[in-house]
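Shared between the two complexes below is chain A, which pairs with chain B and chain C, respectively.
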Partner chain A sequence: MKNKIPDFVKTNQFGLLLLVIVFILLFTFTTDGFSSRFNIYALSRVVAIDIMIGLAMMVVILTGGLNLSLGALGVSAAMFGGWCMESMGIPISISIVLILIFGSFLGWINGYVTVKTGVHSFIVTLATMSIYFGFMTLLTEAEAFRKLPEAFTDFGSMKLFKKYISPLLLLSILTCFILYYLFKFTDLGRKLIAAGANPDAAELSGISVSRMFIYCHMLSGFLAAVAGIMLTARIGAAIPSMAGHLGFDWLLPAFLAPVIGGTLLSGGKVTVFGTMLGAILVTLINNGLYLIDVGEFWVRFFLGLILLFAVLLDRAREYFTSKNSIVS
Partner chain B sequence: MSKNILELANVTKNFPGVKALDDANFRLKKGSIHALLGENGAGKSTMIKIITGVYKQDFGDLIINYNKKSFSSPNEANKSGISVVHQERNLIRRFSVGENLMLNNLPKNNLGLIDYDQVAEQSQKWLDIMDLDINPNTIVSELTVAKMQLCEIAKALSLESKILLLDEPTSSLSPQDTKNLFSLLKRLVKEQDVSIVFVSHKLEEVFEICDEVTVLRDGKNACESENIKNLDRQKLVKLMIGRDEQIIKSKENKNTLNENLLELININTDLGHKEISLSLKKGEILGLYGLVGAGRTELIKCLLGLDKIISGKLILNKEEIIIHSPQQALEKFKIGYISEDRKKEGLILMHDVLTNSGITVWSKLKKILYFLNNSIIYNHVDPYVKKLEVKTPSYKQLVSNLSGGNQQKISVAKWLASGTDILFIDEPTVGIDIKTKAYLHELIINLSKNGTSIILITSDMPEMIGLADRIITMKDFKVVGETVNNHNYDDMSASIMANIHE
Partner chain C sequence: MSNLLKKDWFGLGLVIILGSIIISFFKPAFVSPFNLYVLMLSVSLMLVVAMSQMIIIAIGQMNLSVGAIGGLVAISFTGLMEVYDLSILPAMFIGLGIGIICGFINGYITVKTGISAFIITLATLYIFKGMNLGITEAQPFYEIPEAVKYFGNAKIFGPIPYLIIIPVIITFLMWVLMNRTSLGRYMLAYGNNVQSSELMGISSTKIVVYAHIISGLLAAIGGMLVVCRLQLGTPNIGDSWLLPSFAAPVIGGAILAGGKVDVIATAFGVILVAIISQTLVIFKIDPFFVQIFLGFMILIAVFINRYREYREERRNKVFSNE
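Let's turn to the complex of A and B:
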């Protein structure tokens, strides 16, 4: 007898989707205002950025590495953008292109140093985190850019779908589809994954692993810059401390989303929509706990607990993928 | 007769979808060397893992010294005097020999710190028993592969083991080291009261040192504790594969008139190769023979641009070339490399069959905007995967779930699919069962008949003499001899060994 269960049901993503629905129902019935138009709109603006930084971390985790400089990089790119638009008066569209190039360039530095020195990206990005943030603070003198063009900040406060959803969320979802396409349907995406899974085998199969790793870091810088732009648009200003000191505020959601989503920390596996769902789940829990009014400390406590749990899940995944081959 | 020290009675072990062992029996007599044979996937590993406490059988009994036992961990098996020496080295490379030997029971001084004099002294005892001329203070990574193997056995002995399981102990040893190992094993059995289970794919070795044989096929006993004197090679092979063995078909040497395709002239490398000169003709199989550590694989890696060539010329089709990376070798010069280490360098175990068999052709197959989907890859690689008769439930199967033979077929298939002119093939049949081995031999011969030029590295002398057109012998990163192969085993092996030992 063969049960016709669609493959999708057996995946990690499906479990996540169920969890997301459970939490939505839970918070809808236990809190006041969770399902209000105001809250949903606010959620969509937050989750959009969490998805983006989750993706930015995911593409480096793919290589078996980490990008701790994510927050510092994103804020640096955003401050660079503020300078372009406010101080230099460069048109918005050109500024955005410049920001993205700048973000990719900072990512390239991470990747280049990692590949050339052979030092783990954990150490490299720990250093560049400090360097990027330090430089940025030095150059901006810790001053914010608060007079950004209105057309730019308007985008951040725009409301779609009967004023429920921010366009920022659509941008993030679109990015997910583009990345999914990259990893699933292109030569380049396959090479990135293969290089992450087994660098030695990939190299001997004719893939330039160092180039692929640098691409991953550049993509991470690019996505972090996008997140920086989105955060600037949302706040309506580019503020040096908008991601916390050294960009720390981004790190927890950046790890949580891909790891909960099913991306292996040892590299070689990506789950774009898993990361998206992971980010949604984290934002939901965050938001719900605030609404229940448990206090800042407990929110952080729970998020930390979820991260630990997700890492355990990661170990279990690795264990089961390797234990499949018990017969030899 | 002597009594049974270890017995498996009617043991069955199920894995999801597979019956790995099906009512199998095994009896190890005290003081004997017992060969455990079977093709990949026949159930040998499962049996070893049950004996060593990694798995627990579903049905049947594990009996040691006529007592029923049930191990819940390898540690418990150790305590009952059972030790296993795996193919993979289990020594800690940065520790000394003494520390490794004494690791489970490090002697301590009054302050509770490790007493290194005692470590050296106690480990020396075991090294002496084995007649090993190694200083216990030597760091393991400085030893040769053969010595590491012997240290592992010493470690097993130091645990007071009376039952020793050796899993393909000779796969990385030279003929001379193998000989030494065997005389040691015989001595251990005689003097130390040790009983040995010996797993190997090399039947010559089985006949050389084993007393009894158990053959598994598809999880069942094809024969059980048979005296080796009642068997010969043909019978044994038939028991293992269920039919007669095909002997390597020697190839007619017809390529002598062809021009050189690839030529190395006085190549010196960063890794220490000295003045290497050799040439490869179109459609030729050029054998590179040598002991482990002769620098053969290292030479190939230098040619692929992974390590530096310091001086000398590399000529392809009469043009001098420089290869910077395997990518360039593949895409520009159509040169491929089938690695000896399929698990680490040949395959991406955590990815599926389709990914692994198509990885070399992605660049070639990509459409506009890098577009590449599964069906494009499938259409290209399917003929090769079919041709090699890879047994897999689907292309979505993870390669780690396939048997060793099928894994090797995939690491070959991806290079067939890439359509290279030159293939470097490194130890293609290590750890591969006889049936697949014969298949791969035929394939290599056919490839060369169809015009692919091949440099073949193998430490398996019969394989080398069966396949190669010419044999280059290497020693200490130098070429020490070149012989045209006349496919006569006795002539050729004598002249090759003469090259190595002169």
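Let's turn to the complex of A and C:
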């Protein structure tokens, strides 16, 4: 049996791209204001952060683990940044470097404890989530930093391309390309994937799996800190509750994007652009649900249904492609 | 005696007794009837929630939607009584039924698709919570029958609340289930090794669906107990259950890979967490510290369990050399 369908059509990304286009067309024709300049700009600011959160989760899912502390970590990093810039008066560029180091350090703690105890990262990050968030609330006394340097907050409200796109989105897309390069073309990236795909085999071929897992957690902390900085720039202030209680508001987008994008939960497979498309799709649907006016209370319900539908669809796709390959 | 020392619950029991003695030495208020009453109330609520998570841990999975099921049942229970004027018993049975259905959905989808229970229950968490918010529009139900309010606040004698009866019965039944019935044994076997349990002829579908149904049922009971306690049905019931639901079984020594749980140790884990939270309150320590403390306790428990495993491995090695 000859197979005339090109390979990329069968991939998850292609299906996602189609879905994104379908939803854009659907919302453009059925709702007022979806394609307005204001809405597209607002979307680009939201989607930028969702992509970053999704990537931060993706690199930990690569190890077959999870990072529940993502939101708490991102907010802690952002609050640390607010303290650096407002209370200490440290210049913006140095502050950002410090925030990134801080985020990576918190990620390192997650990774170190996970590797040393051999306990599933779910439990470790569940514990660190409440520790990070608790310390952050104690130290800041739940007060926000609202007098950040103007140069910093201006970046968050800057408008590019005839005022359609936020520079935050460009930053996220750039991060996608860097991560793609890392996983596709560098020695380190291949080692990270090998360690996640089959730890035993990787260990036998001379890769230190523990170190690779710790790197993944550090990278996750780093990306979560970037997301924290971006959110601070967007809001114009560092607020302890900006990701909800314990950072829970970040969890659904964090899991939706990589899972819809086709990242395997058992580890060993990442799809950077799948995650990006997943984040775009989720933000689109979320935005569309508000515009169609399903009522703000039902939005969560539909997001849950979409996640369920997405994983079932992915399962079906896997099933049919594996059947196809047996036939050919 | 040496057999006793090996039990998960023995060390915990010792910590609880010694800790209580030390705390009451410094703060006699700790053993005041009122404090004991508050302590028992929080233990009774968390006991049910912890058991609801424990049974899923036994089969090697996680249930993120425990709190969402509890919340949905809580508002359905109160909503049925307030809006539809149902009497307590039918409202209660419908509440239990919703819990069972939610659990069945979780279990059935997980086992039929083979997708990780984490993702399925994350999705259902949002679905159940979304239904809860969609129905209530974030408004609580206040009209609760007097009998329900009475049950939530009356005392049997001394400081012992009525509310503790149901959790104690549930804990006993769970102990029987996990230690004395074949279903419990099959669950542990499944949690230990899915392949070999299937080869033994145990039906995966049955085990996973039953475990999730029991989990949903317990979450439903937890939700309704909170309604009795608070005397109102607010949509945010269950929001804060996630961390404590994992804390108690983990502190009780459950292995998250599945196949090992200890009902008594989990119950002791609940008591320990309650005592520590209460002590921090008595010593007037910032409530946010309670959260940090809970996080650290999970980490410490994880390290201790790891150390014990390590010691066991070494002992086994010595024997095999001989």
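Basically, the second predicted complex is superposed on the first by the 304 of 328 C-alpha atoms of A that agree within 3 Å, B and C clash if a C-alpha of one lies under 4 Å from a C-alpha of the other, contacts with A are read in each partner's own complex, and residues count from 1 in each chain.
As a convention for this text, contacts are C-beta pairs under 8 Å (C-beta built on N, C-alpha and C of every residue); 3 or more make two chains touch, one makes a residue touch a chain.
As the structure is a prediction and not an experimental result, all values here were calculated from the model.
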item: Which superposed partner A:F185 touches (first chain B, second chain C, both, neither); value: first
item: Touching partner for A:R315 - first (chain B), second (chain C), both, neither; value: second
item: Touching partner for A:S208 - first (chain B), second (chain C), both, neither; value: first
item: First, second, both or neither for A:T137, with chain B first and chain C second; value: second
item: Touched partner set for A:L291, first chain B, second chain C, both or neither; value: neither
item: Greater chain A contact set [chain C / chain B]; value: C
item: First (chain B), second (chain C), both or neither touched by A:G268; value: first
item: Which superposed partner A:D200 touches (first chain B, second chain C, both, neither); value: first
item: Chain A to chain B touching residues, read off their complex; value: 184-191, 193-194, 197-198, 200-208, 268-269, 321-322, 324-328
item: Contacting residues of chain B [partner chain A, same complex]; value: 15, 18, 20, 40-41, 45-46, 55, 304, 306, 325-327, 329-331, 336-337, 339, 344-351, 355, 359-360, 362-363, 365-366, 369-373, 398, 400-404, 414, 418
item: Chain C-facing residues of chain A, complex; value: 66, 113, 116-120, 122-124, 126-131, 133-135, 137-138, 245, 251-252, 255, 259, 265-266, 295, 297-305, 307-308, 311-312, 315
item: Complex interface listing, chain C residues touching chain A; value: 62, 109, 113-116, 118-120, 122-131, 133-134, 136-138, 239, 242-243, 246, 250, 256-257, 286, 288-289, 291-292, 294-296, 298-299, 302-303, 305-306
